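Shared chain: chain A. Partners: chain B in the first complex, chain C in the second.
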Partner chain A sequence: MRFEINKDKLLYHLLIAQKALSNKTPNPALQGVKLDVEKDALVITTSNAEISIKIVVEDASLSVESEGSVLIPGKYFIEIIRKLDGQMVHVSHVEDNLIRIEADHSDITLNVLELDDYPNLVFKEKDESVKINVRTLKTVIRQTAFSTSTIENRPILTGVHLQIDGKTLTAVATDSYRLSRKTITLDAEYDPMNVIIPGKSLEELMKILENNQEDVTVHFDQSRVLFKYANVSFLSRLLEGNYPETERLIPQEFPVKITFNKEALMLAIERASLLSKHDSHNAIVKMTLRQDDTVTIASNSPEIGRVLEEIHPVDEVVGSPIKIAFSSRYVLEALKSFASSEVAISFTGETRPFVMTGEFDEAMLQLVLPVKTD
Partner chain B sequence: MFESVKAAQPNVVKMLENSIARDRLAHAIIFEGDKGTGKKQTALFFAARLLCENPGEAPCGSCTHCRRIINETHPNVRHISPAKQQILKDSIKALQYDFERTAVENGPKVYIIDQADTMNHYAANALLKFLEEPHPDIFGVLLTTNKQNLLSTIRSRSQILRFTSVPKNALINTLEQEGYDIELTPIAAALTNTFDAAKTLLEDEQFKPFIDAVCDLYNDATQNQSLVLSFAKITEDLLQKNDDYVRLLDLMIHYQKDVIYGKMGHYEKLVFRAHSETIAKIAAMKSLAMLKEELDMMLTLRTRLSRYINERLAFDNLMVTMERRLDHEA
Partner chain C sequence: MKKYQIIFHVDLNAFYASCEASRNPALKNHPVGIAPRSDRGILTTANYAARRYGVNSAMNVIEAKRRCPHIKIVPPDFALYETMSSQFFERLRLFTDQLEPASIDEGYMDMTEDANTMHPIKRAEMIQKDIMDNLSLPLSIGIGPNKFLAKMASDMKKPLGITVLRKRNVKSKMWPLPIEQMHGIGRKTVPNLKLLGIHTIGDLATYKNITKLSRFLGNQTESFIRRAYGDDDSVVDPSRAETVQSIGNSKTYEGYLHTYDAMLEALEGLTKTVVRRLHDGELACKTITVQVRFSDFTNHSKQLSRSHHTERHVDIIEAVEHLFDALYDEKPVSLLGVSVGHLEKATRLFRQLNIFEPETPTKTSNVDTLLERINAQYDKPLLKKGFKSSS
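Let's look at the complex of A and B:
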């Protein structure tokens, strides 16, 4: 194996591949970057078992002298390429277990890893794939993935539930205290699909996707999901099991509805949570709708002090006075996911979940369970 | 590598093959057998049998699946072994995390828990929870020398396969033919299961002093003197590491069994053959119940030695028990 390529091009792709590189793994082979040199392409593969990335580099600067495959210790390889001088880098497999990297005045040899130990990753593309615009996909992930559970007690809740039915795709995430749901319309009718993708995998995918108008093709399978974006293939394992029924958690009728300016509401809640004893991101905050249609947001920590915020709804208030307490973190995170500048909060009762929606956030809702206080 | 498994444990392999053929595999299988009976190899054999590309009669041992299983790098085959003498809950949690996700490669998933009896309380219960909701296509292999040290609720959910050891007499005969000390060969054979292991033991310079220490100790037990003191004197330079205590106790357990055999009149079964006189003396001094109680105490201590305990105190405690019986009897 022997090839030459522009150093910056190689580094650029290696840094993408690095997202799937594991540094703590029982299998040392997974600490490696796999390079497959083909006739006119360099294929970079990394995996941490959870997610795997494959990048096909077909650059004008690439010149292949001989083909072959090799597994290189990832951490060292990437750091070496990063620090190299010169424009071009020359990589060759010199002996059975040595790789030689030459650039400008540098001549570096590295011991390779056992290629035999590398997993057989199945980057198989299906005939039928779902096409989604990059921006849309990023929005779906951004507006749902944060609601996934981070504790492993109920592993199924650490994932985002994706469901395709005809032309609609619905994404739902919940940690059983809050829930996010976003629905998008696809460009065509697809076969029904139902998978649960680990939230962490989607967050990694977010980092790879750029903000442009291209499409991502998604290949669903019973045991894995493959996202194809430009020359990058992103493979994730799925969570096994049945996702809980979430539709019936969402109330249908809302006697009280208040519309706020999002920024003003967030600032008020942030100030109200400053005096929390534990951490300023997670305080119990009380919201009260008064008779005169003004809303107060208050918090009280007897040892520290109390905060009282008054805030005026931007629209006419529907419904009668109500008093509700909630965790500030859940509401702030939900509010942050909105693109709209005005967010409507609809209540069904003091102990029932309330729902947030925004005019410019089509088919998206954020639900939070209130906290019981006396 | 896999041929030797079949040769060493034909019955176990046959049982596994039958279960696979009839599609009646249990979700967890306990491999119970003494050290050196090839449990680990058989577990790898089993994993390879399920994942090999050309299984036929036996896994080929040369396809990419088999090779990675042998190297212990196959993503679908997870290995758990004790860290610092115990298997902790985190190891089992990591296993569950992995198995709640779909397989990295197509095919069943296998986990192999080495020395499964060293799972602590939390780990065992975490595993139990996992066994209570079996997933299709996930198979566990629990390796242990004594299945009684596993939770009964884990045992009841598993298929138990017993690994046979090499017959002791055959082992002793071979060792004697090789020209090893006739007095020591039965002891080495009692402690190990393979010819190679017994040979290593017999050639270990540390082996003889330990045997002498145990014999001296039991000799002192026939005299009317403090066992705690003679234990301190005899083992003065001998016991350094935890391993040393384990070794000494293993020998004491065999000696104690000999005394029980002596009490029952089975002198032909003795391991410490040269010491039948001392054995007879002790047997005459104590009742069978007492001897059994002492043995029981030793066996309990043997399991406790794998935890963090003060070995010295535990042994003194044992000595006090053994000596009190004598006083009482006198």
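Let's look at the complex of A and C:
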């Protein structure tokens, strides 16, 4: 195996592959980057227990002298390529267990890992796949994945629930304290589909998706999902089990609705969170709608001080005075996911979920459970 | 060891109510009860003005209002109490660094060294005045040659008492006291001791049948008897409060546990005790750990960190079962342990609601507390909820 390639091109692709590289793994082979050098392509593969990435590099700067496969310790390989001088890098398999990297004035040899130990990863495409525009997919992930649970006692909640019904795709995520739901319309009819994709996988995928004009094709399997984007194949395992029924948990009627300027509301909540004793990411903040339709945001830490913020709703308020307490982090993260500059918050009661919607965030809702004070 | 010691037990009187009066002096001589804003609430504290009407803590609000119609019910402000508590201990540290906080409103001070510079009673008066002047909180102080006698002494005169209990006064002053007033004797133990004919601390000190006694007092029998005679070797340990960062309970099984069901049942028992101790300390936890030793002597443990603190049994047992499932290896088990950590004062003021557990009025939790209280008295799950008892 022997090839030469533009160093920056190689690094660019290695950094994508790095997203699926394991540092801590019971299988040492997974610490490696697998290179398959073919006649006119370099194939880079990485994998951890959750996701696997395969990139087919067919760059003009690539010249293959001889074909072959090798498994290189990923951490060292990527750092070496990152630090190299010169434009081109020359990589060759010199002995059974050594790889040689040459560039400019550098000549580096590295022990390779046992290729036979590498798992056989199947990036098989299906005949039928779902096509989604990159921008749309990124929006779906950005507006839902943050609500997945990060603790493992209910593993199913660490995933985003995706359902396809005809031309409609609905994504739902909840950690039981807040819930995000986004619906999009696909450009064709598809067979019904119902899967749960780990939220972490989707967040890694989002980092790879760059060009908003392109499409991603999604291939579903029983236990895995494959995203094909440009020259990248991104494989994630699916979570097994039934996602809890969430639709009936979302209130349908709201006696109180207040519309805010999103930035003004976020700043007020952030200021009210500053004096939290424990951490300012998770302060308890009280929102009060007063008789005169002004809204106050308040927090109180007896040993530090208190904050009182007054906000004027940007639209006519519907409903009567209400007082509700919530964890600032959940509301701030939800608000951040909106593209709209005005966000409406609808309430059903002091101990009932409240829902946020925005005019320019079609078919998206963010729900937060309040904190009960008594 | 030192030849003699001078220990103070400092105890704030009707602490929550005193804090409220400190913030709002108008409450000072008015009957006050601390309870959540609801007629079904239970008083956590009643001040001395209310106690004169026969109101006491653990009484429900309706009864308290019946006995004292003009009582003012104030909802608890745990943040205030915590702040005042830490200010209290800070002021005490001005007198000695040999201070061991024992709970939010009481602690022990080793004043042996200090006695070389000032007479202990003079010093106690000074501390009492300092706390009153700076924090407006009434304090009782017990002085004794060890922690136990100091604690017993501080209970003898409240509020604002200073009481000395010397070893030579144990027989005359402490022995006539009813056994339930002996520090360390739990509510559950009292009825059992009474069955043995032990009604006073003196009865315990002079009880002849140690074997019978140890059936109820366990391996602490000897130390209780020594205490009844006024002897106690425990020392004031300033680091003790800080080290209570977790609560754990584990048990070894000599004949091994062989079935998954038996292990789960054992874990339920361990969890119950941990949860009860959590409630006793009015604490909530964030991490839950399960420890297992298999028959091959290998030890394994697994921990889970929750996104919110909890003191609820359902949350903790759910986590314990989940963790155990991950550890279970189809091998016999010789030890099981459950512990909870990242403890914090349970601020029952706030509870993050959960979408999958729709909020029903506090009914369920009242039922839970009631069941728990009854079961705790009998030390076994005498009462269960209907949907559970079919098993």
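The rule is simple: the second predicted complex is superposed on the first by the 373 of 374 C-alpha atoms of A that agree within 3 Å, B and C clash if a C-alpha of one lies under 4 Å from a C-alpha of the other, contacts with A are read in each partner's own complex, and residues count from 1 in each chain.
Going forward, a residue touches a chain if its C-beta (ideal position, glycine included) is under 8 Å from a C-beta of that chain, and two chains touch if they have at least 3 such contacts.
Worth saying up front: this structure is predicted, and the values here are computed from it rather than measured.
When both complexes are superposed on chain A, chain B and chain C occupy overlapping space and clash.
Within the superposed three-chain model, A:I284 lies in touch with chain C and out of touch with chain B [touch as defined at top]. In the superposition on chain A, contact of A:E253 is made with neither chain B nor chain C. Once the two complexes are laid over each other on the shared chain, residue contacts for A:R224 go to chain B alone; chain C is not touched. Applying the stated contact rule after C-alpha superposition, one finds that A:A325 touches chain C and leaves chain B untouched.
Contact with neither chain B nor chain C is seen for A:D127 once the two complexes are overlaid on the shared chain. With both structures placed on the common chain, the touch criterion links A:D117 to chain B but leaves chain C unconnected. Of the two partner chains, chain B is the only one that A:R237 touches; chain C does not reach it. Once the two structures sit on top of each other via chain A, chain B runs into chain C at 297-305, and not at any other stretch of 99-107, 117-125, 297-305 or 369-377. Chain A residues in contact with chain B (one complex) as well as with chain C (other complex) are 152.
Of all residues in chain B, those touching chain A in their complex are 64, 67-68, 71, 73-75, 78-79, 93, 96-98, 100-106, 135.
Within the complex, the chain A residues that touch chain C are 149-153, 174-177, 179, 244, 246, 249, 277, 284, 300-303, 325, 327, 351-353, 367, 369-374.
Interface residues of chain A facing chain B in the complex, by the touch rule stated above, are 26-29, 47, 49-50, 114, 116-117, 119-122, 152, 155-156, 198, 222-224, 237-241. Chain C contributes residues 36-38, 75, 77, 79-80, 82-83, 304-308, 318-319, 322, 349-356, 359, 362 to its touches with chain A in the complex.
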